[in-house]
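Going in written order, the chains are labelled A, B, C, D, E, F, G, H, I and J, and every chain counts its residues from 1.
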Amino acid sequence: MKDNFEMPETMTKEDVTAMILSAKKQAGLTWEEIATKIDMSPVWTHSAAMGMNAMPAEKAKALVSVMGLPQEAASVLEESPTKVWEQAVPTDPCIYRLYEIVGVYGPTIKALIHEKFGDGIMSAIDFDMQITRVEHPKGDRVKIEMSGKYLGYNSW
Amino acid sequence: MKDNFEMPETMTKEDVTAMILSAKKQAGLTWEEIATKIDMSPVWTHSAAMGMNAMPAEKAKALVSVMGLPQEAASVLEESPTKVWEQAVPTDPCIYRLYEIVGVYGPTIKALIHEKFGDGIMSAIDFDMQITRVEHPKGDRVKIEMSGKYLGYNSW
Amino acid sequence: MKDNFEMPETMTKEDVTAMILSAKKQAGLTWEEIATKIDMSPVWTHSAAMGMNAMPAEKAKALVSVMGLPQEAASVLEESPTKVWEQAVPTDPCIYRLYEIVGVYGPTIKALIHEKFGDGIMSAIDFDMQITRVEHPKGDRVKIEMSGKYLGYNSW
Amino acid sequence: MKDNFEMPETMTKEDVTAMILSAKKQAGLTWEEIATKIDMSPVWTHSAAMGMNAMPAEKAKALVSVMGLPQEAASVLEESPTKVWEQAVPTDPCIYRLYEIVGVYGPTIKALIHEKFGDGIMSAIDFDMQITRVEHPKGDRVKIEMSGKYLGYNSW
Amino acid sequence: MKDNFEMPETMTKEDVTAMILSAKKQAGLTWEEIATKIDMSPVWTHSAAMGMNAMPAEKAKALVSVMGLPQEAASVLEESPTKVWEQAVPTDPCIYRLYEIVGVYGPTIKALIHEKFGDGIMSAIDFDMQITRVEHPKGDRVKIEMSGKYLGYNSW
Amino acid sequence: MKDNFEMPETMTKEDVTAMILSAKKQAGLTWEEIATKIDMSPVWTHSAAMGMNAMPAEKAKALVSVMGLPQEAASVLEESPTKVWEQAVPTDPCIYRLYEIVGVYGPTIKALIHEKFGDGIMSAIDFDMQITRVEHPKGDRVKIEMSGKYLGYNSW
Amino acid sequence: MKDNFEMPETMTKEDVTAMILSAKKQAGLTWEEIATKIDMSPVWTHSAAMGMNAMPAEKAKALVSVMGLPQEAASVLEESPTKVWEQAVPTDPCIYRLYEIVGVYGPTIKALIHEKFGDGIMSAIDFDMQITRVEHPKGDRVKIEMSGKYLGYNSW
Amino acid sequence: MKDNFEMPETMTKEDVTAMILSAKKQAGLTWEEIATKIDMSPVWTHSAAMGMNAMPAEKAKALVSVMGLPQEAASVLEESPTKVWEQAVPTDPCIYRLYEIVGVYGPTIKALIHEKFGDGIMSAIDFDMQITRVEHPKGDRVKIEMSGKYLGYNSW
Amino acid sequence: MKDNFEMPETMTKEDVTAMILSAKKQAGLTWEEIATKIDMSPVWTHSAAMGMNAMPAEKAKALVSVMGLPQEAASVLEESPTKVWEQAVPTDPCIYRLYEIVGVYGPTIKALIHEKFGDGIMSAIDFDMQITRVEHPKGDRVKIEMSGKYLGYNSW
Amino acid sequence: MKDNFEMPETMTKEDVTAMILSAKKQAGLTWEEIATKIDMSPVWTHSAAMGMNAMPAEKAKALVSVMGLPQEAASVLEESPTKVWEQAVPTDPCIYRLYEIVGVYGPTIKALIHEKFGDGIMSAIDFDMQITRVEHPKGDRVKIEMSGKYLGYNSW
């Protein structure tokens, strides 16, 4: 459309995500297997592959090699992402249930953090998470473990 | 204002919450201590005290006795709540960080649930949660553990 | 547009939906007839064809064969969907009326579930639905039957 | 506050709802029992008691008598309500699941109504609903049956 | 973009609307003239041409012939539309004034329908409308006449 | 609450509306009858009584006399109202249907006004409306007639 | 994309706006100069060039000739626009300040119009505007003059 | 409600606005007359009386004296207001028309400010406004004149 | 209203804010002076007085003593606040300008933080701020200095 | 798509931003280095490169030369931008923290500006900003310094 001047072509995080998803399907790998190959957790690996977290250089290189991506993809995986999510109220039932938990239990989590630590918050930046399947006779359960650094408010 | 007919007076969940908070302050109890006295977890105890969960009859009676509430309060604690939370995007920083985690990691949790279980969700109803303080040399950490039953989609 | 690197091409649920709709028009089939051919209900069949439900492998294969779709479409039909719907308030009158019913009768359904079962909900996951035409002298009626598993809240 | 002129005092639908809820608690009645006493369905009875539907004169009189309400309440129950519901996206999990069903299955219901009837809708006005508990070995189920008159679009 | 599998090409209501608008401009016809040629009202004809109403088969055929559209367009005109409109608050002044009238006079129309008919509504489905220019010495006036079937609420 | 200085007490349009509704109920009058007594249309009379239109002095006096309101009410009825309506998307079904009509037919009304008059709008200020019940063998119909002055856009 | 049937190509108001902006840049003209050449005000000329006002036939022809546009552009400039603006709260600081003025001074303008004219409004249709630069020792000032016909509310 | 500790009572801007409106009605004064008595413009006087602008000390004293307000009111009139307005899209037609003008002509005003001054804005702080009635044979017109200091963007 | 059971009375942060504002006015103190008396910064002091930050015990005691508040106020000042702010888009011009700065310069601040530190954020919890008046020949300037700890994202 | 008439091709601010980002990556420059080369601050340089500020002619020329952009880019960099930002509540955590600071400390900044200057605001137009990294034993800190001209409200 704009042929009177030349526009540069830049590989984006969306492009790299699409390449990873396609290579994963081709290779028949799970996220768990990919994470093991680059020696990181599945949660962080998926999140960085989706473009929601930046990768340290050696992990980016490892993923590029494991998935057979073009070299340029490594530098894109290292870039700081702009984290954008679509909707205030998510519509997908699997994600909505998490949002509902925050709505119902948010004030409870806040009260107990204040009780155990003082006036402050759990960091969402210095943060990690694990997801596991727990067997149970009445139906298996999803277990989500979050860990974030406590940050106390400043007085000055 | 309406004195030409007599309006009934009913104790609400908000009334009971206010009574509990006042009695707690008076007695100098923590949520952890209250929870221990009725032999339940602090998360569930706080949430039910806030009117966001219904109490089984014996737990309601126990709480009324522990906190010195009027007898009528027990039946109010047993009522099914209408769970209302204020805002699509919470403003309190402590609660907002949880919301941000759902925004950033929601699709990741969804992908790993599908990988580990199949097409389905983690229930927010058949659900429980624990919050603990974990000591750490670079600053203590908040640990949140959630467990919910896996529910698979029906085909029919 | 991005010709300095090669982007993968992946068939999406939207692509498969478009193929099904086109094949259906070509073949002059109704949803009822398609559902019968794969031995499932019309509600579930349409919903899965729209990409709002995942198909078990054998049903995906059956649909691909019935509609003459490419082989790759079967694996796409088996994928867990991300369920996205467009608007808080739907504008189409046929869908809006359902939304209005939830608005008007939602608290009533909630009250009667609590009365009949206790504190809990009707699952929207372990769920099925039938739609039928009922003859009536003053004008035929639409009958919608929903059935969902009762899930009681946890205390812990 | 306004004592230099006299303001009239009028019983509202909210007042009558509060009186009914209080009398119901006092008498220990269920909605099912109240509905039986006035010979109507529990869904409609609850909805009208909540002020979301108008009552025919004889049913209003019956309810006033059954619940021991003041005479003026009958005429209030007969008034046409202004149906207001609180939020585009309901937060209570029990009601939200219904909203989710409309989001996920709305286009499916629309497609099947058009297939079975032609271009039109299911009326939410000439409408009725039943809720029942269905026993099931893997956990009892909630059954919701809706029936609404089909209305075809006009051409002119 | 997707050249490793073949996507079907389907004529949509938007395509047919664009064809009609182009043919109308080419032929120099008014909506009034087009409506006369297919023996329907201008309001309904425009609305159906915009894809907001479905056409009966003979009217679709007539329009296709009058405007010189491809044969496939007739079946598209017969399809049940999904009625989508853009914004809660329309910005175009001509449409906004209608919205303002509903805001200002909505409760009045409701009160007078209840007074004249009982508890019910004016149908927007079994509905028709006429627009005419009325000469007036102080400036001509727009006259809009709407007629919709009264639907009374059910008790059950 | 503020007893260290004296606040003035002013009758508001809301106060007058409440007085009119109460007097109307007391007297058993319809809006049609009230309108006839002050020699105006029912639409305008209801709208002005709701505080959505200002009354000319003689009509305000007439209404005060007909309904037995305090003298001060007349000057309040004459005040220019600030027209506030509650929600972008009205929830009451009777009002929502009007809103839906504007959504579905708004662009059609705009197109036909432009065709009949040129570039301009129908005024919502120099405007009047009538509502009537029209008998019909298949069910009576609501008829709404709106008339507004055509206003053409300026060029300068 | 749709090569099995031929879609018409129509010049839109957006196309003409783009052509005017390009020709203006090429010719190094200001809006003031363009307005002078077609003997209209700069405000109206810019607004019509942006597609927010329709042009009378002779002005459209004049603009087409002055800017060297294709003949078809004249009929597009004459079409009644659908006025769409992007956001309830504009983000551009220059436009936001105008919005802020309406928020802060809106009730004041309303009060003074009612005081000077009676119950009515300033028309935004029979309306014109001038923008001028006024020299001032402490910094030049922007002067905006608006003039709109007073429209009084109808009683009927 | 809170009788176990004593709450202070403070006169607010809302209180002073109510006192001014009541005194104005009592005295039968117009805004124009009040403005003349304190030697300021009607626009600014009304805006400050509504609590949307702070008054210099001598003007606050003058207004208190002219309207017979309590002494404390003067210091309240001098306080910096928090300017709050109710809605993104105003519903009152008189105010909405101003909002519509900003929507339709905002980009035009921006373009002409940039053409006449450079990259910058018209200040809404160093700002004044006049409203006058202009006689006109086809109906009198409202004239609004705004003047704001031009502020150019910084480079650094 | 609820006289059949006794409700506790608790001093809230809103109550304490009102007491401080009243005592400040009475004593004729500035925020700068109050801050000096408790040996903290004016920004933090005002924010804690508004109930948006918790006070360490000794500072709470100092403020209670300086302002002559009741003893109970100290424990309220120490409580962890729930930080609630009113609107997505603030209407007060003084606050809006800050919001506009975040809108315009947010991506720039993000880019420079990433350039200087890596992938992470500036903490809003371990955070402080100073506001000063800087004299300037062309008009004095407001200087705002913010300092927040850099928090780097975790990989795990 | 529109091949029956020729559309002009214009370089936009988005195009220039993309060219700068690509050239920056190619050359391995930081924003700090680019800013130094054109002798401006990094904040302003990034903001203008993003299209959120206009560049004076000599700076535009300098940037075009430093980055090796086509000549036409200079005039685009000089154009007044329309500043559009995406969301009321930003989702990226780095930007959200700034938004949260405005929410929490906005009223405090307002109170202290009024205390130090009188009734007015800090300009966001006659404004500049610096971002620096400050070393700190407990973790380095981000320092943001803003400076804006004080603008006092007018009385007239």
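Everything that follows uses one rule, which is that a residue touches a chain if its C-beta (ideal position, glycine included) is under 8 Å from a C-beta of that chain, and two chains touch if they have at least 3 such contacts.
It should be emphasised that the depicted structure is a prediction, and the values quoted were computed from it without experimental measurement.
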Common touching chains of chain J and chain F: G, H
Chain pair with the higher count of C-beta pairs in contact (G-H, B-C): G-H
Farthest chain relative to chain E (centres taken as mean CA coordinates): I
Inter-centroid spacing, chain G versus chain D (mean Cα positions, whole Å): 49
Chain centre separation (chain G, chain J; CA means) in Å: 29
Sequence positions of chain G contacting 2 or more other chains: 9, 43, 82-83, 85, 88-89, 91-93, 100, 103-104, 107, 110, 114, 120-121, 123-125, 127
Which chain pairs touch, all of them: A-B, A-C, A-D, A-I, A-J, B-C, B-D, B-I, B-J, C-D, C-E, C-F, D-E, D-F, E-F, E-G, E-H, F-G, F-H, G-H, G-I, G-J, H-I, H-J, I-J
List of chain I residues in touch with chain B within their complex: 1-5, 7-8, 10, 82-85, 88, 124-125
Interface residues, chain E side, partner chain H - complex: 89, 91, 93, 96, 100, 103-104
In the complex, chain F residues that touch chain E: 30-32, 42-43, 46-47, 50, 52, 83, 85, 88-90, 92-95, 97-117, 120-124, 127, 129, 131-134, 136, 138-150
Chain H - residues contacting chain J, complex: 40-41, 43-44, 48, 53-56, 59, 80-82, 107, 110, 114, 118-121, 123, 125-128, 151-156
Contacting residues of chain F [partner chain D, same complex]: 9, 11, 15, 18-19, 21-23, 25, 70, 72, 89, 91-93
